[in-house]
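Structure below; questions to follow.
Letters are used for the chains, namely A, B, C, D and E, taken in the order the chains are written, and counting of residues starts over at 1 for each.
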Amino acid sequence: MLEVRDLECVRGDHRLFSGLSFCLQEGELLYLRGSNGSGKTSLLRTLCGLLEPAEGEVLWRGQDIRRQRDEFNAELTYLGHLNGVKGELTAFENLRLNCALAGSAVSPQTIYEALERIGLGGREDLPTQVLSQGQKRRVALARLLLSRATLWVLDEPFTALDVGAVEQLAGLIEAHLQKGGMAVFTTHQLVEIGAGAVQEVNLDRVAA
Amino acid sequence: MLEVRDLECVRGDHRLFSGLSFCLQEGELLYLRGSNGSGKTSLLRTLCGLLEPAEGEVLWRGQDIRRQRDEFNAELTYLGHLNGVKGELTAFENLRLNCALAGSAVSPQTIYEALERIGLGGREDLPTQVLSQGQKRRVALARLLLSRATLWVLDEPFTALDVGAVEQLAGLIEAHLQKGGMAVFTTHQLVEIGAGAVQEVNLDRVAA
Amino acid sequence: MGFKNSIAWYYFSSPKNFYALAGKLIPWFWVLAIGLIGVGLYMSFFVAPTDYKQGESYRIIFIHVPAAWMSMFIYLVMAAYAIIGLAWKVRMADMMASALAPTGAMFTFLALWTGAFWGKPTWGTYWVWDARLTSELILLFLYIGFISLQSAIDDPRRAAKASGLLAIVGVINLPIIYFSVKWWNTLHQGASVSPTMAPKMASIMLTTMLIMAIGFWMYTIAVVLMRARRIVLERERQTGWVRELLLGEGK
Amino acid sequence: MTEDGLFVAWRAMLVRDLTLAMRRRADVLTSLFFFIIVVSLFPLGVSPEMAVLRGIAPGVIWVAALLATMLSLGRMFSDDHQDGSLEQMLLLPQPLSLLVLGKVLAHWLVSGLPLVLLSPLLGMQLGLGADAIGLLMLTLLLGTPVLSLIGAIGAGLTLGVRGGGVLVSLLVLPLYIPVLIFGTGAVDASLGGMDYEGHLSLLGAFLVMALLTTPLATAAALRISVE
Amino acid sequence: MTEDGLFVAWRAMLVRDLTLAMRRRADVLTSLFFFIIVVSLFPLGVSPEMAVLRGIAPGVIWVAALLATMLSLGRMFSDDHQDGSLEQMLLLPQPLSLLVLGKVLAHWLVSGLPLVLLSPLLGMQLGLGADAIGLLMLTLLLGTPVLSLIGAIGAGLTLGVRGGGVLVSLLVLPLYIPVLIFGTGAVDASLGGMDYEGHLSLLGAFLVMALLTTPLATAAALRISVE
């Protein structure tokens, strides 16, 4: 369903990788590995259509993602190095507006529940800028609880999370895969995620 | 040498912890634990004198750190959630100016070596803003290689680092302790640091 | 897309082929440019008759008007290249657009400068805030904006895209300049050369101006090709053929 | 995406930006306050005589409005860029230009409209008559949205670029000058007893054209900037 | 810390900020370009007649310089605050006020001095005579460092505060107005054939006082802001 053909990525003068191809089916997990600076973030951003590939293409259900942006985006959730959370708004407001922007109506009840589950109970109505590093990250993660997207693209989602939160997120990804979702993620930490089929791509081993 | 007496920390309406006391000797490591939002960052910033304690005091060689700022700062290196690295300057320039600001003259040779050791060889002269997340973090860590401070205060230093860099940093901390240094650090990752004496403070267990 | 597939275009849109071809063409354009401008200047100063109203100072028209034409044409061409570059991702088109900008800015400046120089004897002042003059000044700003935006962005591909977009947005200024004299009563003279009406000017003047204009074009092409070759080398420096080329020249 | 969903998203964008603006009240007041400062420093710096002031009033007010808008452009996308919300915005299943239109409207409501509403006071302060003030307001009402719309392109293009401040000015200023000329031109014409309707209809035409074209250009600029 | 170390650190601060300014050339040019724009929009918006322009020239130039400085204040500490360098700065074994003085000097060299150097050109464009231009430059040379020094306090105080922009203006403007009044006052006095030395010595006194007191206040403001 998500297919990458002969992808090449160039940043500045460096060619990070080239000739990268893989194909991800429903219920599959792609674990992206690589040392610092090997191009993981660049690849994930390319998969989302934020970066234009220097060569090659990214296909979603057989069609180039850049030709069907709105349809593709409707099925995608991306979590980057940055949280994409507004510090002036409370956690609750952030989530409510995120949902509305995606065009889906979600009841306040559901949002409060999501925040409760992700461990932000009692902090829903503080401006997120006063939250701790890990709490901010959790607000961003709460989006996953509310998302109905098929494809999750997660760039080091475990950063700043404490042990409990790491386990919870791993469980979340597992549940998503079991429901037939797909996920692409990268992390430098050791995390166990049980999934039917796990593919691994190590960018340190892909030709530059 | 670093002594904390009956410390209490309040952020906004929340009392994060109170009645916290410990004493750190030369060659000792303090491992600070706690879940997200338990007040680790707040405590570390208090130890550096960036935050004023609500109650209690922080003593360095028996004297309140806020009464001997310059002397204390000369023996302190702090690494926070933010890297404190200027994106417009190259890694080399960042380090050279950092040293000069601390009033110590360091030869370019030494700086290039430090960058080489930390794994930034070949990237010394790129503006740091184009570096990857982990590479930026390494620039900040290179400060530790050049530092002659006794007390290292490290707030989640392993974030964004790949496995190799994590090990290297752990080794660095060990060496620092062996030379009679002290370190206070916090991390959510599992990292082995061999040290003579390790104290642990778990903020989840300290009274609020 | 059919357009990109046409063989000739495809061949020359490759930087390597362009580099070779441009190298061969440049001398010819220089010859043409120098010849035409030489003839044009001779005609402007020695052949064209003295104007009964303005005397000799009017001769500046032979530089002013072609320069003003060029300032607008070049912008148009630049924007066209920008569109090709953005829509069909032809790298060569982006490079041509950036190569054109400095020359365009130069002609705009020339038109402004000669105009101001001419304004003193005819209007009694160097500058008035008239619609045409102002819009020509805006054109200069647009060129400068294009150049600065490009140099402010480190990544060459992003720089080309961003400045290309700016060039396209700025096209809106061209009709404003061209029609400003028609739309608003201004001090500046209206168009006297247009395809629909017979030339009001003496045909010798028209011929001279046209020769100068074509000479300017040849000059532009020569300079732009040279600049484009330099840009090709810089942007393709990590490709094999440029490395070979530079090594070869280094020997 | 249904039409309904489109509207929900557009409104959410508008609400979001207005809420943010309310939270940073200080920030919003900047451009307004700046506008007032620029206009009222003149009597201090130049000359307190009414005759002099009246002559320069429309120009001073329009220039101040233009500068105030230009200064507020930086804010339009840069926070969203820095905290990652812009990336998320580009990945929404909505046409980006629609969302941009919501953002620009919010920007104008917050930093353009207040200028329009405040202008009569400043006009009076500088000795303008009631007719001239009415006309001045009308030109600002037509002109300031154009400034926001055009400015958005510049703000989008200079996003990644560090200290894009001057670049924004350099890029948008050429496109602002016609608006300035016709804006002040109308008031000056009416003060001189001449016809000013031509000026107004041109300003109106600028507005319609800008509404139709600039959101697309801004969307393209944003996509380029996050690369 | 030896005196030598102090000087090394002070110089490093200065060099660092100047280097950063060079890297973001665009950003530095902002205030300069802004200054030029403000001054040259006036002929467009107000009136192209030399007689009118000459009368308002000193005021326009001083107001423009004041606004340009005010705009560049935001940059003074905010980048350092956002990327964590400010925290590191507070943890240096040097008196903070000394480092602040280095930063302010860099700020003035980058955004004040160019205004002074450019003012003759703009003065000429607005029809001022050689004497008036010389005096204008002198007042700017004495006045702009005061603007930077005072501005630093405001910039420091409003750091944590989101969009402290307007707050800075509100805080520093009252303190700027005396400088503006004596600056333009000197030029106006000389144009009117009166004595202007009193004005100049007052400006000089402002400068000395600001040099002695503001770095301490700014250092205190910064410590409060990072808490």
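Here is the rule we use: a residue touches a chain if its C-beta (ideal position, glycine included) is under 8 Å from a C-beta of that chain, and two chains touch if they have at least 3 such contacts.
Values in this document were obtained by computation on a predicted structure and should not be read as measured data.
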Relative to subunit D, chain with the most remote C-alpha centre: B
Most centrally placed chain, judged by C-alpha centres: D
Two chains joined by the most C-beta pairs in contact, as defined above: D-E
CA centroid of subunit A to CA centroid of subunit B, Å: 30
Cα-centroid distance, subunit C relative to subunit E, in whole angstrom: 40
Euclidean distance of C-alpha centroids - subunit B vs subunit C, Å: 58
Centroid distance [mean C-alpha coordinates] between subunit C and subunit A, Å: 47
Per-residue multi-chain contacts in subunit D, two or more chains: 23-24, 161-162, 164, 167, 170, 173, 177, 181, 227
Set of subunit C residues in contact with two or more other chains: 129, 134, 148, 152, 154-155
Multi-chain contact sites of subunit A, meaning residues that touch two or more partners: 11-12, 81, 87-88
Complex interface listing, subunit D residues touching subunit E: 23-24, 26-30, 33-34, 37-38, 41-42, 44-47, 52, 55-56, 58-60, 62-63, 66-67, 71, 75, 161-167, 169-170, 173, 177, 180-181, 184
Interfacial residue positions of subunit D with respect to subunit C in the complex: 153, 157-158, 160-161, 164, 167, 170-171, 173-175, 177-178, 181, 217, 220-221, 224-225, 227
Contact set on subunit A toward subunit B in their complex: 11-12, 34-37, 41, 81, 119, 123, 126, 130-135, 137-138, 156, 159-166, 188-190
Subunit A partner contacts - residues on subunit D that touch it in the complex: 1-2, 5-6, 8-9, 11-13, 15-16, 19-20, 23-24, 79, 82-85, 87-95, 99, 226-227
Complex interface listing, subunit A residues touching subunit D: 48-52, 70-71, 73-74, 76, 78, 80-89, 93, 97-98, 100-105, 127
